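Next come two complexes built around chain A: one with chain B, the other with chain C.
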Partner chain A sequence: MRNKPKIVWLQALTCNGNTQSFLSSNHARFEDFLNAFELVYHPSLTHNISLEDVLTSDFLIDFLLIEGAISSNTLFFSLNNESAKNILQQLAKRSLYIVSVGSCASYGGIHAKFEKNSDIHGVEKSLENIKCLSAHKIINLTGCPVHPEWILQTLFTLKSKGTIVLDEKNRPVELYSPLAHHGCVRNEYFEWKVEAHTFGLKEGCLFYDQGCRGPMTHSSCNKILWNDISSKTRVGMPCIGCTEFDFPRENLFETKKNIGIPAEVPLGISKRAYLSLTGVAKTFKIERLNKKIIDENS
Partner chain B sequence: MKTVDIIERIEGEAKLHLTWKNKRVEEAQIAFLNFRGFEYILQNKPILDALVYTPRICGICGQAHLYATVSAIENIYTQAKMPLEITPKAKSLRELGLIIEILQSHIKWFYMFIMPDMNQHSSLFDEKFVPLKGKSWLKAQEASSNIIKALATFAGQWPHTSYMIPGGVVSDPTHMDMIFVENYIDKTIVYFEEEIVGLSLEKYLSFSSYKDLGFINADLKLFIEMSFEQGFENIGKSYNRFLSISDDLGFVQGKIKHKNVMKINLNKIEENADFTFDAEITKQKKEKYTWSKNVKYDQQFYETGPLARALIQNRKFIKAIHKKYSDSVFTRVMARMDEIAFLLQKSKTILGSITISEASFIEPKLQLKQLDSGFGVGVIEATRGSLKHEVVIKNGIIQRYDVITPTVWNLGSGTALEYGVAQKAIIGTKSLHEATIVLRSFDVCSVCTTH
Partner chain C sequence: MSAKESKKTSIIENSLKLFSQKGFYNTTIPDIAKAMKMSVGNMYNYFASKEELAKCAIKYSTNILALELREVNNAPLSSRDKIFEFTRRYFLKVKENPEIIEYFLRVYLSNREVFSNGCEGFLCVGEFVTEVMILLEEGASKKEFRDQDFFAAFGMFMGSLGGFAFLSGEKVLEKDLMQYSDLIAENIYRALKYEE
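Coming up: the complex of A and B.
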């Protein structure tokens, strides 16, 4: 690939959260990005170039990044007087690689829940078999939002290797094979089945009552930390499963249970195995795990 | 002559329809053509799920939406005569989160949204403001991504965390966590001092006369010079009426209609959809041209945002600038930048007041699904101004959810008899550049405007 691959970033039905996430990159990494790629067009960041300019020119787009869900309905959504779908299709034909940035671009996400507009989909479906020039599969970077480092590592890998290994949902395997659970600082509580009694605690696992989907969600949120600092589950917010195609599910802050047992068990673990282990773990009352980590009132 | 231009770099796009007479704008329409239907999406969802949905109305002010939602839900409890107890620590962590979000947004707005245009049209053009390349642009990315680290320390991530929940916050930070937060606030103070005003924060905060503008150095000095060069102290004036909806973060709830600050009554806030498309998309009337609604207080348009907040809470420097240059582009920009200083100082006060041993969360005794019906209102001052959420629930399920965003106050479509705030401010401008800068001075957020 040429020295500085050209990037066009298209925004469709979006909250701009992925742009904000991208801008929140570690500064040194953001500079790495600017040194290695040419961001030719981004609706919020580039100056003196409009979407119309991009559409009327014919330069080769190395990476077409799409943020937001796609619709053909111009009554609800138009860009440059055209439908998002129409624009996507035009740009896709002159792009080497296509990357869906975020859950909305990947499969419609939260925006697809707006039922009055019946045509809201992800990029892949909206392209209707139009292929990018490299014929590489469309790359889905799910997440609401996507971690900026996931975008950077995908782009740098494609720049260097020309291809990236994807899972069955076309997400990069390396980024989406871990579970959100992996690396969570509450793992020991999960091992010994010590639940968080309520919100607002350093102690306890959020899987049992607070609806945490960490053990069922593919993401590297606890491997590549957010804003270089932390993650939702680390601070005490349940994982809401925003990298999976069924996001957003219902009742995000409670665990669905049948006779006191979580209705869903960790991925790939049989219910029998899970229950056996739970039964054993629960017979032990481990004092250290039932105490405050730091007792401010002592 | 009529012109239609698509304006980008406003968190989405808008279409600016201008009618020109004698080389001046005589009529202006701002059309927001994109609608995502969040109020519809929220219908029939469990009420607590709104904590995940509403931040996604906007990727840049999601914490304000989260805070408004949590306030509206807590107000359901209050109205049902079962008010929740929120510890001072939990309230402080919420306020800090919102302050950090506002700080990063103001920094980005100045360098990414308004300075590139000001710079390009100035004889003082400086490479450092060029997007993606200039030193100041890059430092703004660095500063905004740094301050967000402070937020992530107790909120897990940004954007799109839902760390505020009815009863408090989900996190329980340690002393060291809060010292770390303070380190990043201090780093941002140094950034403000060195890059934005070229003065100590203390000295800047002592300003009380418009003559003090002359002491400002660094990037804000360049803005001031470019702004006077292009006459923006006389451009962009609107109704000169201001409203601020909440007392949080040290702001003051109230309005200024003529000169004095008066109390407001939230029941006098009313939305109107004269020119707003109908979501039943097939039956549009021909006068409909935008997805944005209007909102009025006591049947009049009011400007909200940093300028309104500064005047209503009586911040001396901005009051003096406003007295001299009225509600011009110049005053609006200065108010937004001045708010960075105010909020940095405020965040230090909040940090100093936190008692770590307090509870982060006190569990509500009653779950909302146990309540037959409920109604709640949450009001917050967000980055761009006054934000109001209103919700009706039945057995814990959302029946109706209404959101009035700051940009609806400022960028509404106007009524048949009266222009909206930004519309009025644009009328009389002499070029598309001027009109665009006036529009930008309100810190337009297209995604929030129509939501």
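Coming up: the complex of A and C.
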């Protein structure tokens, strides 16, 4: 691979969220990125060339990054008077690697749930077996949005090693093997079943009532922190499971329960084992965990 | 099971009978030693105190019921049928091994001070409570049971079974206990069943 690989960022049905996330990268890391790669085209940035120029030229695209879901229906979405699917298929054939950036590009996301158009899919399905030049699997970076560092790590890994280890949903294992639960600062509240009764508190676990999907969501949100300092669960908002293929689900901020018992338990744990531990933990009331960390009234 | 474990189990089984018949305070370690044909001193090689024995006894007796309910939970039955099957098994235990339920009702529930340190909450009955949770959750997830507060459902379930075991122990029932099994199961089911 040449010293400065070329990147083309294609947008289809998208809210632009992954672009916003990408542009919010750690500035030193983004500088590394700009020094190591040539971002030839991104629709939100000023470039010397347009999408039409990209389409009519034949230069090798090292990394084709796609943001947004794909449709062949131009009534819903078109670029350059062509469908997103046509453009994707043209560019894919000239690309060494294809990276789906975000949940919508990975599997259609919220757009695929639109009932009036059944022809909205993720990149892989839209490519209909068209392979990129390296024949590497399409890399899915799920998330709504993707953490900017996940994009950078993936690109740097591919640049240096030529391949990246993927899970069964074609997500990089390095980034998606942890659960959002790993590294959550509320884990002690989870262990002792102390609930946070609303959002934004320093105290309490958000799993029991607030719908937190941390213990069943593959992501490194609490390992590679957002803006280098925080995460949803750290500031008191439940994980909404945005890196999983069933996102967005209904009732995001509600823990589905049956007769007061969580319908879903942490990943890979049998319900019997989970309930046994829960029963024991609930027997004890840990005073330290049941009081405010900072009590302004005291 | 080692010889020592086997002997401990035998002590627990004998103490369950004595505790449930005479009560916790009216049963002494010498009484249990006598039933075991053991010396009093040797008894202490197995249990450090009567309180420790009582705590082991509640775990032992509820685990018997937990195993019964686990078998029922794992059986390919509807949630309704699981209630009927478990009620039958529970009443059969009340008939054949009354000390298991009697101990729970007349010792464990009646002498909370004995169990307050080490058996508080669900600690010594956890395995059984877990199986009840699984029965209820599965029924609700399959929409055989309606959604409701856990403790409301749990209290009704245990109250119906325990209350009837108490009536049986008081010998006030007019018919054989097993003849009430399906009637009680039906009552439990109706309190739980899903309604559109």
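The definition used in the following text is that the second predicted complex is superposed on the first by the 296 of 298 C-alpha atoms of A that agree within 3 Å, B and C clash if a C-alpha of one lies under 4 Å from a C-alpha of the other, contacts with A are read in each partner's own complex, and residues count from 1 in each chain.
The rule is simple: contacts are C-beta pairs under 8 Å (C-beta built on N, C-alpha and C of every residue); 3 or more make two chains touch, one makes a residue touch a chain.
Since this is a predicted model, take the numbers as computed values, not measurements.
By the touch criterion defined above, A:L45 reaches chain B but does not reach chain C.
When the two structures are aligned on the shared chain, A:E191 is found in touch with neither chain B nor chain C.
Of the two partner chains placed by superposition, only chain C is touched by A:G260; chain B is not. Between chain B and chain C, B contacts the larger number of chain A residues. Applying the stated contact rule after C-alpha superposition, one finds that A:L13 touches chain B and leaves chain C untouched. Legend: residue contacts after superposition of the two complexes on their common chain; A:D53 is shown touching neither chain B nor chain C.
Chain contact summary for the complex, chain B toward chain A: residues 6, 8-9, 11-13, 33-38, 40-41, 45-46, 48-49, 51-53, 56-60, 62, 90, 108, 112-113, 116-117, 120, 130-133, 138, 141-142, 144-146, 148-149, 151-163, 165, 167-174, 277, 279-281, 356-357, 359-361, 363, 447. Across the interface of their complex, chain A is touched by residues 120-123, 126-127, 129-131, 133-134, 136-141, 145, 147-151, 153 of chain C. Residue ranges on chain A touching chain C, taken from their complex, read 257-261, 263, 271-272, 275-276, 279-280, 282-284. Those residues of chain A that touch chain B in the complex are listed here as 11, 13-21, 23-27, 30-31, 34, 39, 43-48, 50-52, 73, 75-81, 110-111, 113-117, 144-145, 198-202, 221, 226-237, 240, 242, 248, 250-254, 294, 296-297.
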